[in-house]
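Labels A, B and C are assigned to the chains in the order they are written; within every chain, residues are numbered from 1.
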Amino acid sequence: MMLSRRQLPMIGAGLAVAGGTQAQAQRAWEPQRPVQFIVPAGTGGGADQMARIIQGIITKHSLMRQPMMVVNKAGGAGAEGFLEARNARGNPHVLIISLSNLFTTPMSTGIPFSWRDLTPVKMMALDEFVLWVNASSPWQTLPQFVEAARAGRIRIGGTGSKQEDQIITVAMQRAMGTEFIYVPFRGGGEVATQLVGGHIQATVNNPIEAVTHWRAGTLRPLCVFDTRRLPGEGRITDTMGWQDIPTCKEAGLDVEYLMLRGVFAAPGITAPQIAFYTDLLNRVTQTPEWRELMANGAFNTTTMTGAPFVEWLTREEARHRSLMQEAGFLAAGG
Amino acid sequence: MSVTTGNDTLVEAGAERGPSMKGMEIGTAVILMAMGGIAIMDSLRIGAGWGSDGPQSGYFPFWLGLILVGASLVNLAMALKPSAKSEGALFATWPQLRMVASVLVPTAIYVAVIPFAGIYVSSALLIAFFMIRFGEFRSVVSFPSGALAAGVAFAIFELWFLVALPKGPLETYLGY
Amino acid sequence: MEEIGLLMQGFAVALQPENIILMVAGIVLGVLIGVLPGLGGANGIAILLPLTFALPPVSAIILLSCIYWGALFGGAITSILFNIPGEPWSVATTFDGYPMAQQGRAGEALVAAFTSSFVGAFIAVLMITFVAPLVAQFALQFGPPEFFAVMFLSFACFIGLSKGSPFKALAAMMFGFLLAGVGLDGVTGQLRMTFGSMELMRGIDFLVVVIGLFGLSEIFQSIEEGLRFKGQSAKITMRTMLKTWAELPRHWWLFIRSSVIGCWMGVTPAGATPASFMSYGVARRMAADKESFGKGRVEGVIAPETAAHAAGTSALLPMLSLGVPGSPTAAVLLGGLIMWGLQPGPMLFVEQKDFVWGLIASMYLGNIVGLIIVLAAVPWFAMILRVPFSIIAAIILMVCAIGAYTVNSAEFDVVLMLIFGVIGYVMKKLDYPLAPLVLALVLGDRTEESFRQALLISEGSLSVFFSNWLVGSIMVAGLTLMFYPAISKLMAGFRSPKPA
């Protein structure tokens, strides 16, 4: 076989560490061709943005010798992308970024795949959810909102159907013993604007999707669906900052939900290959650009790799199953 | 349908022979009707009613399918009417259809080969084939031209925009 | 006025030498992206977004928005020359643009298209400059019922426009709607009409269908009539351009009307594609001799291009001021803003004055630069028509295949494109109109979605479509337009039957 010029340095590197320790050999693996980064969602959404930011950071800081190509495979609520990654068994040049549809799509459509078919690499961050209402609404606090929800059906808008926003809505219904009308829209920005325009009465937008309306005084946060308050110093409005939003639990609603932003690789890749990508993504999270993004979006910056990540995935999958089952979202046989 | 009648007369077929307009009209109407039927069936499976909060998933496809079947029935009746304007007219002559096939068949082969040979190699061959077959260029000119066009496409998509297109053994061999 | 002062500051930012270089580079890149079907504005910008990481935000958005203008300009080129819409919003441009090219008036069509794009954009930028906050308020009024009403109005503008058998038009439209319905139902998350096929699950993309239906079928049809394209090698000189320009002022009312439609659609935000269709439909309705549309009237190029560019430009306003993208491309730009640490939304205009006004100034400059560049390139575009058929046909096939593939990175889409090429060839020969099919396919999804969203909100009551003056008046306008042809036909009695 003829070797291309691209491969020669790698071979050299391989020879240099051949006599070294295992750890050194692991670091020696490097992609030999462009790496495909699959986004199981459309262009412009949250997962797509994060994938392209990761791509941009890698390019800007030259963290990888080969280029990274972002490919959107949104078909069937993302199933297409996951299946493609699954079918790339043993191919070390395929990565996929996940959102909640990693759990929800197989359950709601019955298309058989799960995170177990992939190689978990790293949890990059967790996306927070906040309960927002229009600032002109009478609800200043969560109990007032709960009371109103008990009195009549409140319209909650969210992104997509049978996905994270609707699951949170269902979880709230369960905890509050009320019923909401859930209206699906295409994207978080659209949902926030519909709330500002008064066409819906509440949303569970991510912080980044609604923060500007909050600052402009048109939206009001009631609580955050996390176990602890959001990080971030300083004020967003004249009177409040991220840390002033109570958690839903302390406000009297026991619902918690965080969305995974994680990176997976194709199944069946070797330990050195996993090590390379883990190290690559670790370095991405250490750049100032990444930190700025985390701060702007008030992300939960928990990261995990290896066994804790697998454990987290197992737990979340079970929780999604029980929530989806309760809501009647499971496909026949799914 | 008269579409299938002409095979034996292909050789001596003059400009005045070919599948009739009427046959094609009937065929198209029937195919569209079948499409509508399929849509109706699938919609009934997932629920085509009007739920408490608006139409169900299958509601619109169901009615659209029904209208499609209805409209196609009218089109079918129009085509079958003895006084139809298409009566006696030809859809196309056999020589004309042969011309179309001379582009369609290579294109179909091209599309079929893309998953195996990748889009660049197939495109280079397609362009070379067209130049030789239709442009009467010599192969010394045609093959390099095809390769050049494919090379430009490769540079634009693969290298410049970082868009991954289907690649085959040649690209793998070259390390992409 | 305060705006003028801010705008001048903006010009100072946009006129920095490095920003001007980026502007030119962006336009050229954008035209290239617009010409290549599949590699649309949204894709192109998404792909280039990471590369702008190293630039300051103003420069980055100038580069990216100029790519956007370039793509808006470029979409018209292949529509006119080869009947292949490079972008969804240039489909309506093919209706009259391509016939013009076939008559040897490619130069005139291109000049008219580019000039119209420029005028549309210019009017939209004026609006953004002076009435942005008002317009943003107006956009907030649009909930699902209003959105449905707008979609309904687009259809109403088009109904009764196609020549020939109304039943064929109906069948074509229903077929388009059904194609739009394939895949995941956005409201319930259920799979429809996929029959367990993985390939059908991603739905049938509008661009894939259009590339086959318009582009491929055109090659089949040309070859049936001999091995050449009908587009005569049009001589394009300075005189063609000046002559076309001399003609254009006569259509001032058309320009204004189309720009208004475009701005409205861009702000709501329905986007450039419905704007171009609606504007074309209205132009045809208002014309004295409707029959000559579709046979190469310059108005048929002016109307959709003006509206598309006005919509494309004004789509940036809701993105900047509300954080809601008015088009897929704007959605990607929105991601870019967040990436650069800017928070789109009502506070952007207050807190990031340099950025906002630099961008607005670059809209003025970018469109002027764009117009000059594309006009200068018109003779080259027309030269493509002189390339022998054997070469250009094969290259078009390759570009179409690449375009179909890049939409979803799916090989199945290339097969689908070929199938629709054959379908388009047969439909054209049998006088099935393609426009209703395409319109239904491109708007079908959003129409159904907003209808069902509206009913979810109203808990199943249809009265929601007449619940306030805004939605009510749009619906009434739509209904009037829809039934007007039927009424006027009834009044005129049954004249001599038209050719089927």
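One rule holds in what follows: contacts are C-beta pairs under 8 Å (C-beta built on N, C-alpha and C of every residue); 3 or more make two chains touch, one makes a residue touch a chain.
These numbers were taken from a predicted model, which means no experiment stands behind them.
A.B. asks: Name the most central chain, where centre means the mean of Cα atoms.
C.D. replies: The chain sitting closest to the overall C-alpha centre is C.
A.B. asks: Which chain has its C-alpha centre farthest away from the C-alpha centre of chain B?
C.D. replies: Comparing chain centres, A lies farthest from chain B.
A.B. asks: Between chain A and chain B, what's the gap in Å when you average each chain's C-alpha atoms?
C.D. replies: A distance of 40 Å separates the two centres.
A.B. asks: Roughly how many whole angstrom separate the Cα centroids of chain B and chain C?
C.D. replies: Computed value for the inter-centroid distance: 25 Å.
A.B. asks: Roughly how far is chain A from chain C, centre to centre by C-alpha average, rounded to an integer in Å?
C.D. replies: Spacing between the chain centres: roughly 32 Å.
A.B. asks: At which residue positions does chain C touch at least two other chains?
C.D. replies: Chain C, residues with two or more chain partners: 43, 47, 185, 187-188, 409, 456, 459.
A.B. asks: Any chance you could list the residues of chain A touching two or more other chains?
C.D. replies: 70-71, 181
A.B. asks: Where does chain B touch two or more other chains at once, residue-wise?
C.D. replies: Each of 53, 162-164 in chain B touches at least two other chains.
A.B. asks: Which residues, counting only chain C, touch chain B once they are in their complex?
C.D. replies: Per the touch definition, chain C meets chain B at residues 39, 43-44, 47-48, 165, 167-168, 170-171, 174-175, 177-178, 181, 185, 187-188, 190, 192-193, 195, 216, 219-220, 223-225, 227, 388-391, 393-395, 397-398, 401-402, 405-406, 409, 411, 414-415, 417-418, 421-422, 425-427, 429-430, 432, 448, 451-452, 454-456, 459-460, 499-500.
A.B. asks: For chain A, which residues count as touching chain B in their complex?
C.D. replies: 2, 4, 6-7, 32-34, 36, 67-71, 181
A.B. asks: Applying the document's contact rule, which stretches of chain C touch chain A when the two form their complex?
C.D. replies: So the residues of chain C touching chain A come out as 42-43, 46-47, 49-51, 53-54, 139-144, 183-189, 191, 194, 198, 201-203, 318, 322-325, 328, 331-332, 334-335, 338-339, 341, 343-348, 408-410, 449, 453, 456-457, 459.
A.B. asks: Help me check something: in the complex, which residues belonging to chain B touch chain A?
C.D. replies: Within the complex, chain B contacts chain A at residues 53, 162-164, 173-176.
A.B. asks: Spell out the residues on chain B that touch chain C in their complex, using ranges where they run on.
C.D. replies: Touching chain C from chain B are residues 21, 24-25, 28-29, 32, 35-36, 38-39, 42-43, 46, 50-58, 60-61, 64-65, 67-68, 71-72, 74-75, 78, 85-86, 91-92, 96-97, 99-100, 102-104, 107-108, 110-111, 114-115, 119, 123, 126-127, 129-131, 133-137, 145-146, 149-150, 153, 157, 161-166.
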